[in-house]
Amino acid sequence: MTESLADFNAFRSRMNDLILDSGNLTMSRFFNLDHRAYEPGALGTKTKEMLGLVSSLVLRCDDCVTYHVIRCHEEGVTREEFLEVFAVGLVVGGSIVIPHLRRAMARLEEVAAQ
Amino acid sequence: MTESLADFNAFRSRMNDLILDSGNLTMSRFFNLDHRAYEPGALGTKTKEMLGLVSSLVLRCDDCVTYHVIRCHEEGVTREEFLEVFAVGLVVGGSIVIPHLRRAMARLEEVAAQ
Amino acid sequence: MTESLADFNAFRSRMNDLILDSGNLTMSRFFNLDHRAYEPGALGTKTKEMLGLVSSLVLRCDDCVTYHVIRCHEEGVTREEFLEVFAVGLVVGGSIVIPHLRRAMARLEEVAAQ
Amino acid sequence: MTESLADFNAFRSRMNDLILDSGNLTMSRFFNLDHRAYEPGALGTKTKEMLGLVSSLVLRCDDCVTYHVIRCHEEGVTREEFLEVFAVGLVVGGSIVIPHLRRAMARLEEVAAQ
Amino acid sequence: MTESLADFNAFRSRMNDLILDSGNLTMSRFFNLDHRAYEPGALGTKTKEMLGLVSSLVLRCDDCVTYHVIRCHEEGVTREEFLEVFAVGLVVGGSIVIPHLRRAMARLEEVAAQ
Amino acid sequence: MTESLADFNAFRSRMNDLILDSGNLTMSRFFNLDHRAYEPGALGTKTKEMLGLVSSLVLRCDDCVTYHVIRCHEEGVTREEFLEVFAVGLVVGGSIVIPHLRRAMARLEEVAAQ
């Protein structure tokens, strides 16, 4: 867990630009679609971001977890709610999720401290 | 998609009994913990069941999807809300999710028709 | 392996229609994007379909494998080429892929016999 | 769970022959290597088959689980030992493993009844 | 492979405390259950730890592999036995496991050198 | 993304030697088989390396992606072709692939700059 949130965001932003500027339409359309999937509809963005967070946790993608922890925090997910999303992800995904849960907790501390 | 919901439930119930009666404490405790993870807390059961549904979809487990479609329906998840949970799962998990999404839609029709 | 190709295609087609007619824009846009990802560009459709096939095999999605076996056959992938795509998928994905490889071989026989 | 052990073995055997007779050396060498990985060495075949079983369970491959349940039974794995292998797989892999655990229990009953 | 075993253990311990002190009962019960799954029963702890190790390898979780390499070493797993567990994991999981196998070998050297 | 290509190659080479010199025949035979799976046959090595790359991307293995980016570059895969392989991997594997895609793009820049 050596990478700071600032470094995470800088690399993410630089690489997203590189992908979006590459001229490959499939990838830029996918990025656009990915963005829109979390817009409010029958479900609000807060709920959708929690869906994204639990999916990232059970699929064990640390960077995806970091991103959705940030977004959930912005949408007002409380500490207790975060813990319950994590708990569902842990039970669904099993002990193999634990290392990712540890890093998710560290990110949560980091985000809450800002 | 030849297995009816009745057959699904009968096999599920019979096998759960066999596992719970096997005398293995780790497994019976896990089943208990799994049950309690969806009880209301900071998040309600409806939200937690949607978390379980999207996790099942991105992990591509048809039986888990069937179970959570049933439970979400019982908790009052509407058709529009189901579609938005499916959409987040599809974007997170990619086209590899599509065959499971088709079966999820078939289950949704089946549950809604009851 | 009880489902015929005709049944596979009928269920696939009926459920795709249901999804596309559901009114959820994220899902219909994803389906459109999925279709376009295999259009010819710097790489031809034949190569892209082989990429889709090997991805489906290592991700162990039988329905996805069936779909790409059909499409690869339409694009002129030969029996020897199919076997080499399968071999790469087997070595990358390991013995856990073998049951899916068996079903892929059965689909290949079925498609070739038509 | 409609496929009998006899049908499982017949399809498995027929398709393995087709793969081994296909002339693709990578695949036939892989099958040979897969077979030899379970031969006794510093660890006995019984232990190695339990390793194969738990791997199949956490990777959620029903056919692989069926195969290793048969092989473990042949190697003298007892009912209590099977349950403990299943329990480790369940805790490592989480509730997403449960549908596969149900089918594993059904296969265990089937094998034990022979 | 820049993180030392000492750093691994320190982060693991600090984050486990944070999770266990969070007040979320589902997570603390899961941690307790995870611990008990490896206690001796019909199978000894050494065998169960090898089951945990091969599961971690095929699921490609470096931190889980590190943890079970440490525990297996404590339980008396020999170098030859470690290699055979790794070999089963490699054949089951395929070449995608190789980068994790490299890190597992590095951890094994590190643990053996202590 | 702090590890340079030189560090990646040095660790990879040192650990491969350790594995191949360990005396475990299953692992050394697997490595040999892995190498031969990409030799030209009905499909050329360039196509097979692209199959390896897309498999690595959808299975989300950064080190495997790095290896196949290097090999594809050696086999003459152009920037446009790389982007199309990435695009297929992104659509098949979904947004969970994006962090790995970012690192793949960074590796592509690194390889192209040499």
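By written order: A, B, C, D, E and F. Residues from 1 in each chain.
One rule holds in what follows: contacts are C-beta pairs under 8 Å (C-beta built on N, C-alpha and C of every residue); 3 or more make two chains touch, one makes a residue touch a chain.
Keep in mind that this is a model prediction, so the values were computed, not measured.
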Relative to subunit B, chain with the most remote C-alpha centre: F
Option reproducing the contacts of A-F, where over half of them reappear, out of B-E, C-D or A-B: C-D
Centre-to-centre distance between subunit F and subunit C (centres being mean Cα positions), rounded to whole Å: 22
Distance between the centres, which are taken as Cα means, of subunit D and subunit A, whole angstrom: 36
For subunit D paired with subunit F, centre-to-centre distance based on mean C-alpha positions, whole Å: 30
Interface hub residues of subunit C, defined as touching at least two other chains: 2, 26, 30, 33-34, 37, 55-56, 58-59, 83-84, 87-88, 90-93, 95-96
Complex interface listing, subunit C residues touching subunit A: 25-26, 29-30, 33, 36-37
Of subunit F, residues touching subunit C in the complex: 33-34, 37-38, 41-43, 47-48, 50-52, 54-56, 58-59, 78, 80-81, 83-85, 87-89, 91-93
Residues of subunit F touching subunit E in the complex: 11-12, 15-16, 18-19, 22-24, 26-27, 30-31, 34, 55-56, 59, 61-64
Subunit E residues within the subunit F interface of the complex: 1, 60, 83-84, 86-88, 90-91, 95-96, 98-99, 101-103, 105-106, 109
Touching residues (chain side subunit D, partner subunit A) in the complex: 58, 90-97
